[in-house]
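The next part holds the structures, each set out as structure tokens.
Heads up, the next two complexes both have subunit A, just with different partners, subunit B and then subunit C.
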Partner chain A sequence: MAELTLGVFPSLVGSMSLDFSFKLAEAAIAKGHKVNMWLSGNAVMMAKKGQKAFKDYSHLEKRMKELMSKGMEITVCEACAEARGYHKEDVPEGMKRASMDWYLAKTVKTDRLLHIGGE
Partner chain B sequence: MKLAVFLSDMRRTEDTYERLKADKLGVILVENGIYHAVIKEGGKESPVLSKAGATFYVLADDVETRGFTAANVNPKVKLVNYGDIVDLIMNEYEKTAWL
Partner chain C sequence: MAAVKLLFVVQRPPYKSENPRLALTHALASQTAEIYMDDGDSVVPTVAFVGDGVLNAVKSQQAMKAYGVTSTESHIKGCLMTDVPVWVCKEDMERLGLKEDQIVTDAEDMGGADISTKFVSFADIQKEMDVVKHLLFF
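Now for the complex of A and B:
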């Protein structure tokens, strides 16, 4: 098993890159890899629990919880979250908040890194 | 260095792209980047596909989501799924970049 770290810096709700990131993470876990995910910029939308799943919108909370139950570590940028009004009490169970230091530390130690830029 | 480059958009990124050099270069077309593999402008394929020495891949899910099929994909480009991309990242290439 190797370790893959994904840094995700996408745009708003319905982001293609955010969808891509979760599907890639799912595939990596299915192959037995450890996956870390850093959510920054507008990706911190995932740090708000209780979002409604509309039919025509991407809804990733369920998939995110399933992946975390399989060992995926997800951490959101604390400053990015606070800037958007997402506070500590909003965070879904199992998700962490941290400063960019967390991501930087992962980028040094991980076997592979994919830094997914904005749209 | 073995480098995998992800192209996620149809916008022209040739300036950065053309400067990339690697001992082994893989170009993985995802999201709207798949259009480089399936359409021609003025009868010519995307200049992205003229990168010398590169191996090209396109994500089948994103091709199908946009209404194309394998028959529409340029023969230079290999169709891959998410699991294949994981294997490319973990086994074939040492570094990745997202353009």
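Now for the complex of A and C:
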């Protein structure tokens, strides 16, 4: 079993990269790997609970909760979230908030880091 | 106990994308990452500007005046002041008509730094890509 850390920066709406990140995490967990995910930049859209699941838009809250229940650690950039008006009380259950040093620290122990860039 | 080398490669120009700012703020966060790490572990970042990303390193930016936000120039100075190496690709500077005296090389106006910006070839940046543990491409 290896540890994979995903640094994820694209937004939920307007790009499929965030969807891809979750699919990749799902596949890695299914193979028995440990996955950490850092959400920063526009990817902090995931830090708002209760988003309505319209069929015309990507919706990842359910999948995110399933992955967290399987041990995936998801942490969102506190400053990026606050800058967009997503506050502590908005965060879905199980998701953590931290400053960017959390992500930097993960680079030490993780076997692979995949950085999925933003817009 | 480990010192992990990271290379932040910035290829986007300033202000039209959040990427350069995120690269710089993440690199600066290496200074406080130890609160999440085991004793003796550390991260050692280098920031390299390539392609249109070299525009982030242009001197005398007026971002606060124009956009009401801090400049990438000020973040680059922050990196230099905290001993985070800053590299700028020479070939891309030439392509954009930029001379060394147009680039941020020190942080004198913010209290000074022990290191200065390095002008390097893309081949040097590629060599660094080969030796770091993780590459973060912004």
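By our rule, the second predicted complex is superposed on the first by the 115 of 119 C-alpha atoms of A that agree within 3 Å, B and C clash if a C-alpha of one lies under 4 Å from a C-alpha of the other, contacts with A are read in each partner's own complex, and residues count from 1 in each chain.
Rule of thumb we're sticking to: contacts are C-beta pairs under 8 Å (C-beta built on N, C-alpha and C of every residue); 3 or more make two chains touch, one makes a residue touch a chain.
Keep in mind it's a predicted model, so treat the numbers as computed, not measured.
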According to the stated criteria, A:K96 is in contact with first (subunit B), second (subunit C), both, or neither; which is it?
neither
First (subunit B), second (subunit C), both or neither: which does A:S17 touch?
first
Which superposed partner A:L113 touches (first subunit B, second subunit C, both, neither)
both
In the superposed arrangement, which partner chain does A:K88 touch: subunit B (first), subunit C (second), both, or neither?
neither
Scan A:N42 for contacts with subunit B and subunit C and give back first, second, both or neither.
second
Contacts for A:A105 in the overlay, against subunit B (first) and subunit C (second): which applies, first, second, both or neither?
second
Name the contact category of A:H33: first (subunit B only), second (subunit C only), both, or neither.
first
Taking the contacts subunit A makes with subunit B in one complex and with subunit C in the other, which residues are shared?
113, 115, 117, 119
What part of subunit A is in contact with subunit C in the complex they form?
7, 9, 40-42, 79-80, 98-109, 113, 115, 117-119
Which of the residues in subunit C end up touching subunit A in this complex?
2, 4, 6, 17-19, 22, 25-26, 28-38, 41-43, 45, 133-138
Residue set of subunit A touching subunit B in the complex reads 2, 4, 16-17, 20, 23-24, 26-28, 30-31, 33, 111-117, 119
Sites on subunit B touched by subunit A in the complex
6, 8-9, 30-32, 61, 81-83, 85-87, 89-90, 95-99
